[in-house]
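Note that subunit A is present in both complexes that follow, paired respectively with subunit B and with subunit C.
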Partner chain A sequence: MSEDIIAISGINPRQCMKCGKCSATCPAFEEMDIHPHQFASMVVEGRIDELLASESIWKCLSCFACVERCPRSVEPAKLIEAVRVSVLRERGGSFLSPDEIPAKLDPELPSQAIAAAFRKYRK
Partner chain B sequence: MQRIGVFVCWCGSNIAATVDVDAVVEAVKNEPGVCHAQNYQYMCSEAGQGLIKNAIKEHNLTGIVVCSCSPRMHEATFRKTAEQAGLNPYMVEIANIREHCSWIHKDKKEATEKAVILARAAIAKVNLNTPLRPGESMVTKRALVIGGGIAGIQSALDIADAGYPVDIVEKSPTIGGKMAQLDKTFPTLDCAACILTPKMVEAAQHPNINIYSYSEVEAVTGFVGNFDVKIKKKARFVDEKKCTGCAVCTAKCPSRKGGNEFNCNLDNRGAIYIPFAQAVPNVACIDSTRCIHFKTGKCGICEKSCSAGAVNFDQKDEIIEQKYGAIVVATGFQISDVTKFDEFQYTKHPDVITSLELERIMNAAGPTKGTLLRMSNKEHPKDIVFIQCVGSRGNTCRDKTYCSKICCMYTAKHAMLIREKYPDVNVHVFYIDVRTPGKNFDEFYRRAVEQYNVDYIKGMVGKVWENEEGRLTVQGVDLLSNRRIMLDTDMVVLAAAIEPSEGVRNIATMLTASIDTNDFLTEAHPKLRPVESPTAGVFLSGVCQGPKDIPETVSQAGAAAVKVVGLLAKDKLVTSPCTANANELMCNGCSTCERVCPYGAIDYIDKEVNDHGKREVRRIARVNSALCHGCGACTVACPSGAMDLQGFSNRQIMAEVDAICK
Partner chain C sequence: MTYSYFPGCTLKTKAKDLDDFGKKSAEALGITLEEVQDWQCCGAVYPLAADEIATKLSSVRALAYAKEKSQPLVTICSACHHVIKRVNNDMQSKEDIRTRVNNYLGLDEAYNGETEVIHYLEMLRDKIGFDELKKKVVNPLKGRKIAAYYGCMLLRPNKEMQFDDPENPTIMEDFIRAIGAEPILYAFRNECCGGYMTMNDKALASKMADKVVNSAKIKGAGEIITACPLCLYNLKENSKGDLPVYYFTELLAEALGVK
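Our next item is the complex of A and B:
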């Protein structure tokens, strides 16, 4: 399971030096039960079930402040995203169907948001 | 036909556990030229060397192959052994069956096969070896030290005390370097100036030391024992001999808008200036980029106010050419750029400073006369936050990959000094790890925590911003309690990474000294030759080789000096005979070799040659064997195959390749 998270995120969590810069930066820190800096070591330790069940993966704003500032290129938001994606895949599918997309297209809307909406939010 | 002996070393179990040494001996016995082969547990031991010597005499050997560790380790040993038995030392070849074979393979059968092939290649080469005689070169008994910080000063003093003349080249107007900017030194808290300035004066007054301040090395040619160096003595527009250092001119200079580098630009200095009161030489210097006279042709107040008549606006840069036997690089370090860490607001808020800036603020000769003040409003601070590892220990484009080593200790020092002098100030230190290896170092740090109540918080700071009260808010996390930390503070001090000085790349290139990915100079061996550059005659002193504190720098400076003295004490040096040579009948004078030679050892002459009875004058490459390092770049670049390296001839290399491919 750790291998899956590592493969999905493309991150080597062993590069983490436990400096806590991610958590120190994170605007959603107070909302989280498991904090960003804990993700790296928990993935290394194989404590994936705890991560899958955590509130944090839904509280992460994907603002990427931690990605920007992590001095060790661990980029916790990518690990968190990998855990989130794992949960969604497990639950069995997307919340949007591709047929609904054309109607939702808006030149102001970044295509990334639509891709994210597939898995993240209910209609 | 050669008579070759092959000696296979077990290196204890290093080789013998992976390579079947008996099988190697059996396999090489039938190689052309081999008339003796044996193995032994430790060939480099006295008994092992005895075996080789006996075999040379008994079998009347003309060449030997030792299958053992890397030639970097024991080639010299076995050459000496051969010489003692009456054999020319260049008739020895090493087959590296340890680093290149046993250490990197697991399968014994495969490793044995490879060891045999490596031995076979060395045998093929020895078959074509010819006895070579090393040359001799003279030693210029004078040393050059590049950089006049504590490292350069100490190296120069030690060399000078041993009786050899030394020149120090320092690019700024005074020697003293970074140590002169420090207030106190850990772990004893003695004042940096009090222990440094006597050494500066000693260097200036030493009969064997000559200081070229405000000077830079322009060009270096030559080789160990015989370096030719061009030094540019930049015009300081003040006659060093006449200036008394009275500093009247520096006070009267009306151009006062530019920053004072010595105080980290926290205050300004005049265009004519003496960096600090104890400067050596204590001579003023005009910064022509800021001087009104150089901009408008007017002013000249310094000239008028100088009672010694020392100001000379017509002074020109001067080039000094000098010969040296050895060169010590002591170019030191600088603080890395913290402006790229926008989350800490260094460029936005004057109360966010680097540790070196804090040194100047704490120093009695600094911009605040030693009073701890916020730079924004000159008020007394109530809280100070220190942030460790800014730009160190990361792997992104903003960071250095290494630990800067000195920051944990100087931050503990700062914290303690502040708490001692201003007990009302709360000091918080955000750290990742506290690293204090060193004599009395951890005790020092514990004192900061236990006696001075410094608040150490494990965790990096996320960001800093100016709050509504005009103070700074620091957002971090305490990793030990897994809590968010929000602190209001008056000052933030960044422990910025240190990096090699800016000009070091240039100097390394001139010296053909190698540097690593961080621009630190590389040592010849990381453990056994830590103060020598791989380039002969070039030695390393201080932080130019890697982060270190003052005691370590002084130790290393002394070690480098001993190496220099050991070199200068010799009257003559033995030069390697393995140098390049052009075959004049094959050379077509195309200049390809000259262009690839990294040592400038090749030039061209017009020479009359006799090409199978036909006499004509041709342009032919000529190698200066004193400059040639035997790197072989020319031999592979030469399109006509005219260049050959003695001891590594094209024929020998091809014979090795044939033996491997057989």
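Our next item is the complex of A and C:
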């Protein structure tokens, strides 16, 4: 399973030096149960089931702050993405259904938000 | 000069201003923006997973179109720019993606990342020049204190986007000076607005939008400009800070007298 996450992300989590810069800069830190810097060590330790069940994969904004600021090219957003798509690629793993969309619409909401949400929350 | 132009889904719907004023201003600057024929939505977020192909195809189709025309491809929306630029980088540098995409698309001539992708602001800076732009301004926005909001997509990751210094960018402030206004520097100009989180966790999205708007307000900004429809939505609708938020193209059109 760790191998799958490493292959999908294209990242070597062993390079992490646990400096914590990624979590320090993450705007969704407080909403996350497992924090960006923990993804690296948990992938190394094979604790993938915990990651798959984590709330954090739905809270990451893909803002790339952790990608830009990681001094070791571990770029946790890519590990988070790999876990997230692993959930979505399982049959029935969708996080957002089209039926939920109408209730979320308001007159000003740009279609870009819906396109992005479907990319992030559905297969 | 004629450039290929990728508007994207939102510039044809909620963000018509961003598109209209962008095209009118380009015309006033002697540039024709030719819309890519039958363009398809870029998907709004770059497919980060290293093994994804299908989600990159729409970008490659637009890129190959521009290549056929031998024109740079101009974008305006930050998200489109981010996605198309990074897919183009993949086509240049990732052999497996290049091969699989080309096998799938079966274009007359394989696409290998030849097209130059430039954001409208880069076009102003690098193709026209802010000094030249300044000369064409007929209605300088004197006395206006404007906060540039960069957000995430234009700047990060810098090794791929190559847009500006990712921690201390200047391109939008230079733009603001060129149209005769005063740029306001503030701490959160390159921090996230909340992005698509507005669909999933409104409270988190609001918290982030508030931080950006308040940070600009404290520094004395009277208005905010952005290149991204989702940033504009979040800063306007999800923040209680009530600063007006405009597309940069609207202010450009105003300064050029074509609004």
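Basically, the second predicted complex is superposed on the first by the 91 of 123 C-alpha atoms of A that agree within 3 Å, B and C clash if a C-alpha of one lies under 4 Å from a C-alpha of the other, contacts with A are read in each partner's own complex, and residues count from 1 in each chain.
In this text, a contact is a pair of C-beta atoms (placed from the backbone, for glycine too) under 8 Å apart; a residue touches a chain by one contact, two chains touch by 3 or more.
Source: prediction; values computed, not measured.
Judged by the touch definition given at the top, the superposed model places A:H37 against subunit B, while subunit C stays out of reach.
Using the contact criterion defined above for the overlaid structures, shared-chain residue A:I114 touches subunit C, although it does not reach subunit B. Of the two partner chains, subunit C is the only one touched by A:E81; subunit B is not. Counted by residues of subunit A touched, the larger count belongs to C, out of subunit B and subunit C. In the superposed pair of complexes, A:C16 makes contact with neither subunit B nor subunit C. Touch criterion met: A:D106 reaches subunit C, while subunit B stays clear of it. With both structures placed on the common chain, the touch criterion links A:I57 to neither subunit B nor subunit C. In the superposed model, A:F29 lies in contact with subunit B only, and not with subunit C. Legend: residue contacts after superposition of the two complexes on their common chain; A:P71 is shown touching subunit B, with no touch to subunit C. Taken together, the two complexes place residues 65 of subunit A in contact with subunit B and also with subunit C.
Residues of subunit B that touch subunit A in their complex: 343, 389, 393-396, 398-399, 432, 458-463, 475-477, 479, 482, 484-485. The residues of subunit A lying in touch with subunit C in their complex are 7-10, 27-28, 31, 58-59, 61-65, 67-68, 75, 77-78, 81-82, 85, 96, 104, 106, 108-117, 119-121. Touching subunit A in their complex are the following residues of subunit C: 8-10, 13-15, 41, 43-52, 55, 77, 79, 152, 155-158, 166, 191-192, 194-201, 204, 208, 229-230, 232-233, 236-237. Every residue of subunit A that touches subunit B in the complex is listed here, in rising order: 15, 17-21, 23-26, 29-30, 35, 37-38, 65, 69-73.
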